Amino acid sequence: MTDVLRGRRGAVLIALGAAFVVATVLLAATGADPLRAYQALVVGAFGPDGFPGTLAYLVPVLGMAIALAIPLRAGMVNLGGEGQLVLGAITAVIIGLHSPLPAGFTVLLAVAGGVLAGASYAALAALCETSLGVPLLVSSLLLSYPAMSLASYLVRFPLADPGSSLPQSRRLPEGVALPGIGLGEVTIGLFAVLAVVVVFLVVDARTPAGYEVRMTGAGPRFAAYAGIDRPALTLRLLAASGGMAGLVGAIMVLGFPFRFIDGALISPQYTWIGLMAALLAGASPVGTALAAFFFAALTNGGFDMERVTQTPRELTAILQAVIIVFLAASTGLLRRRGGSR
Amino acid sequence: SSNETGGDGADGPSFVLVTPNPIGVNDFLRLSVEGVENAAEEHGGTSSVYESSDPASIQQNMAAAVREAPDVVVAVGFNFADVLAQEAERNPEQQFLFIDSCTEESFPNVTCATFREHEASYLAGAQAGLLTETDHVGAVVVLDSPQFHRFSDPFGEGAAQTNPDVEFTQLFIGGQNPFNDPARAKELAGTLAGSGVDHVMGAASAAGNLGVFEAAEEGGFFAFGVDSNQCPASPGQVVDNVVKRTDVVIADGIDAILGGAPGDDRSYGLAEDGLSLSGLLDDASESQCTIAEHPEVIEEVAALRDRIVAGDITVVDPAGS
Amino acid sequence: MTDSTSDDPRGRPADAPDSSVDEQSPAVVLRGITRRFPGVVANDGVDLRVERGEIHALMGENGAGKSTLMSILYGALRPDAGEIELFGERVEPAGPAAAIAAGIGMVHQHFMLFPGLSVTENVIYGQEPVRRGLVDRAAARARVVELIERFRLGVDPDARVRDLPLGVRQRVEILKLLYRDTRVLILDEPTAVLTPDEVDRLFDVLRGLAAQGRSVILVTHKLGEVLAVSRRVTVLRDGRVAQVIPTAEASAASLASAMTGRDVELDIVHPPGSPGRPVLAVRELTVARRGGRPLVDSASFTVRAGEIVGIAGVAGNGQSELIEAIVGLRTASGGEVRVLDADVTRLRIAARRRAGLAYLPEDRGAVGSAPGASIAENLAAGFQRGSLRSRGGLLRPAAMHAHARAIIERFGVRAGDTRSPIRSLSGGNQQKALLGREITRKAPLLVVEQPTRGVDIAAVQAVHAELIACRDAGHAVLLVSAELSEIRGLSDRVLVCYEGRLVAELWRDEATEERLGLAMAGDS
Amino acid sequence: MTIDPALFAAALRALTPILFAALAGALCQRAGVFNISLEGTMLVGCFAGVAGSWFSGSAWVGVLAAMAASAAFSLILAVGHVTLGADPIVLSVAMNMLAVGLTAFLLRTVFGTQGSFSDPALQGLGRVDIPLLADVPVLGPVLSGHSPLLYLSWLAVAGLAVLLYRHPWGLRLRGVGENPEAATNLGVSVTRHRYGAIVVGGALCGLGGAQLALGNVTLFAENMTAGRGWIAVVAVMLGLAAPIGVFLAALLFGLAEAFGFRLQAVGLPQQAADAAPYVVTLVALFLSSRRIRRRDEAKGTLTR
């Protein structure tokens, strides 16, 4: 047992070391000073100016990572996170713009609406599998596109901001916003996401439902035999997953710039980075959170590296991909060691 | 990434340009970089450029630019509206030059410079109206959104002005990556040609327009470019371009701010020479644009420009409120 | 091979000499094979010698190292020490491909088939007949059909394997070896899914092969089979060779004690049960199949408290489907299932379990357990919403582990840490643990399928004792087994399934081997 | 809107790059590898195709360069997933990111430009007129006069079908996908077959990229695959990873795109045109899976 563990730590260290070497070579090859680049990366991620940015980035990345980890724990892959995220955001905006209630209630209603929209859309993907026989992987991915198109249509026409030529919604009324926490643009949405992580952790480790989810992931036929109702579970897990994605969407639009901008939630690839974090960690709550934090820091530090050193921006993308490839390979190696044979 | 230029101007003024997208072949952004660099040289200062890739990095870069506390932060593109307003409010000492858009509220430390692209598109349309043999012109447009209608709608109106029989059709690229899909842009231009269009406005992004020009070359029809002189990309196929003189505008704006007159809303159109057509510029004969072969059209369009400048004709802004 | 004239049941070497150069050398010689796994020495200096034309039995308790040794011979595992000699030549282990090329073939206990491919494709896989660069499908099919007919295997060469019942899949595995013209056949517990008749047929085939000079290594726990078909026996115990004797000099008792290292009472006779009120009542239960006769055709029977009802039948005659319909893994198209007073026909599994059902499925690897999950997690299934919760509704890890420990101790499971994955237990120990879990539920009705398949003698006896104890505690037990001796030894009543119908119901005394055999062949 | 030969010709052009990538995906799926790196691998092919053609002056050298570069790129998935056991989804997503960064980086270093590269001297693949067929009234304009790679893609469909269902390698590959352990036990190397599928798939993606960058247009633009690799992933699912099925699925997308263009001209919102292919696919999947499900129900293997 102990020597297995030693082997694992070794594999991770080797992988990180290898990524580091490749990154250094690439940096040096383009004439950049690697030391200065790494310094910029670390300062950009954790320095006093950079850390709020890392936290701001952490909210959507961690949120989406948890959203996707929830069904992944039962072996179900939700590839439709982008659609659910966008629907949650646009719903929150619609409520925020049109609710007649006082601002505080409107915010609560918008968050609830976002969660509900994401949850019901993901549940639709689940129904496609359980009632129509279209595999979840496919139905969730395919449903994602019409949702994005719908949001795109809404902000160009009915919700369009008349003052701007950008495809974006009108700005939410004054006060319809999540309170900030005094760190850059970070709002209490961060705590909402962290709270979900804790709930996920407890449910996963300490409740019958979490146990049933894990067993479904470990052996779907065993789970069926043990009386776990897969269709119902699929529906619930996807609703939870989509609800979380919708929550992230609502948090994002209820913070700066207080509106829905077409593509703003898609192009930073929050969903895919989150999915990678969840997959790398085998969907375990703590592992997923750590991986998400690592990616958030890496991405945010990358901005600084780009600005401070002379590295071309393409190089940052290459470096990130290289690091991910090596990480994936090392966790693969781990899984292989830990598995049979 | 950032590019610092100017060693001798260490104690002159400093400028930071923040872009909304990677610069790439985006002529509009390239001209902006030129404008900032020229201004730095002229005033004996330094300049650097922060390239953004998505909304998250726009926010990051803007914050970083303000932390640098240069003499002027130059932001290009409507994507900055919210971020700039926020930073301007928080940092009243910092001067901002906002190109191509303006904040909703006005701030004393924000100078805006916007373009009336529709005026030039209208002139390009007028050329198409005069030149079309099928009485059918069209446009290939990145997205069905107000900002891009400023290029396409006035083009149709301009054509109708000079040729009342003309029919106008516009198609939108869309899809998963509208700004980088030359193959789809080309197919759309081909579709237009198939329905009888012989002059196409290419408002299909930098990469997309290359697809439009290829289709023109293969289909034997004509196209119009935007932002800068695109005629050399496909000599013989590109009639003319809607040129945005971002460099001029940036230099102008920086002069105004350093000269102690910040906070203006400046609008650039045909009258201010912030916009033009390649064919109406002095070096039209070297532009490789086919319009050079039609002096009579140039003449007629120049007259039209004068009427717009004089206020006889008002071109409607499709994105205007 | 059907034309074999050898009457000798023990497969003496063929009179016709083999044409190879060194005809004296044995087919297989293993010397000093050692293989360690973390914490265990699975094989510890094992020697094995198999002559040409010999059927050699390899015996041993669960975990004795049989599979490991065979995997080494087959090239799937590398030994840490020792040498391998085939037909007089020293060989270096170089993977299954080399072993296949050297004439070694193996039927694994867990079938190694491609469910989505046809029988023919499965058989020719890796050694396809080729014509003009492409697979010669006509030749392949002809060859497979010829083998099927010659060995009376009764397999449809065009069927998809995923549509075939387990018993037939076994025959596909054997077909694969026959097709490859294997000179040394390794069969790991090949009879586990076969009926007596099929076992006889298999043995005929094996004897015929031996008569041709081929060698067979038979890995099994079944004493009767070893005595019936093998020429010599090697017994492994704790990774070492405990005994090598000619079968003629062996007896069931001597083999059993060589395996276990102690004396084993073999002929245990269990007293009959005393049936009480009906617990399971099945009425006219039907499972339809599109475009064919029903998989289960109006089955009706009752199981009472305090009795064991056995269901016998040739694999593929609807027993599995009947059980699945009773436990709720399959939808019935007609009829009724009642547990105690509740009609459960339309209920999901969870509800049926609540109504009083416990169930040990046939496929313990995929259905009965989640192999990668821990022992504690596997044994908690069904208890997670019950005794393992704290008052606040949370699962208590300590309770989960204590629960697993209790089952492990009570049912004599040999297991270390309850946190290690259940697949790290040997088959027999897995089986005891899972049965323990189901019995611990104390449900009025216990349905068990093939409870001792692939399990060693000591474990068989332990499982049987538990089933009897369960019955005597007043539970109703429904037992499905392909093992006639098991059915006869445990059941108070026996039902025989043939082509989806229950064709016979025999009381304990009536259920002789002959009558059961006849009924299973549809001749009632 | 008119339905004319040009519409179908446009559909065929639109489908070709998708088809190559989808065939690659199908091959990998058959070998048991879930490959969603098609987008990035194709993009690498676009760049290598343009670079190869530019420096050699021959479009065909460009095609070979595209195949070689994409095949080499796909080795990341092969080594990472097959040899090192990494998760294929994570690797694929990273590869897609890497391809965007790498091609942009190379565009900057090799061509000294950003965003896109095009030059009148860059050799494209040109068109082939098929004798006789070109003169047939309706069929001629639809089927003749396309890039040679378009015809090659049809050969690839047929070739892949023969390979998978008639060639020993194909049988072994399908077995590897169905039950790798069983394949290993019959002496068939899972590693070698998966490497084969991934690398051949890479070369197919390279062909798709070459068709896009040297056939559909003659230029390279950053990220120019524009989601076609993802459509290919969907086409693999819809086509059940069978060559003909994948072809039909890709054709559906091609038609949806070509029709979408024309429907725009009569007032269909662009966003609706964008969403349409996915909705159509979902419905098609629903209909086909209903058939499969009815069969399963008949067999009673529905697990509750």
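Observations
Order as written gives the chain letters A, B, C and D; numbering starts at 1 within each chain.
By our rule, a contact is a pair of C-beta atoms (placed from the backbone, for glycine too) under 8 Å apart; a residue touches a chain by one contact, two chains touch by 3 or more.
Fair warning: this is a prediction, and the values are worked out from it, not measured in the lab.
Between A-C and A-D, more contacting C-beta pairs join the chains of A-D. A separation of 46 Å divides the Cα centre of chain A from that of chain C. The centroid of the Cα atoms in chain B and the matching centroid in chain C are 76 Å apart.
Distance between chain centres (mean CA atoms), chain A to chain D: 28 Å. Per-chain CA centroids place chain A at a distance of 35 Å from chain B. Each of the following residues of chain C touches two or more other chains: 329, 348-349.
Contact of a single residue of chain B with at least two other chains is seen at positions 22, 143-144.
Chain contacts: chain D has residues 104, 269, 271, 274, 303-304 touching two or more partner chains.
Across the assembly, chains come into contact as A-B, A-C, A-D, B-D, C-D. By the touch criterion given at the top, residues 38, 329, 348-353, 359, 361, 363, 366-373, 377-378, 380-382, 384-385, 388-389, 393-395, 397, 423 of chain C touch chain A in their complex.
Touching chain D in their complex are the following residues of chain B: 22-26, 143-144, 169, 171-172, 174-178, 180-184, 186-188, 190-191, 194-195, 206-207, 210-211, 214, 233-235. Listed in rising order, the residues of chain B touching chain A in the complex are 1-3, 22, 50-51, 53-57, 59-61, 63-64, 67, 78-79, 81-83, 86, 101, 104, 143-147, 150, 319, 321. Note for the complex: chain A touches chain C at residues 1, 3-4, 202, 205-208, 210-212, 214-215, 218-219, 221-229, 339-340. Within the complex, the chain D residues that touch chain C are 162, 166-168, 171-172, 174-175, 178-179, 181-189, 295, 297-304.
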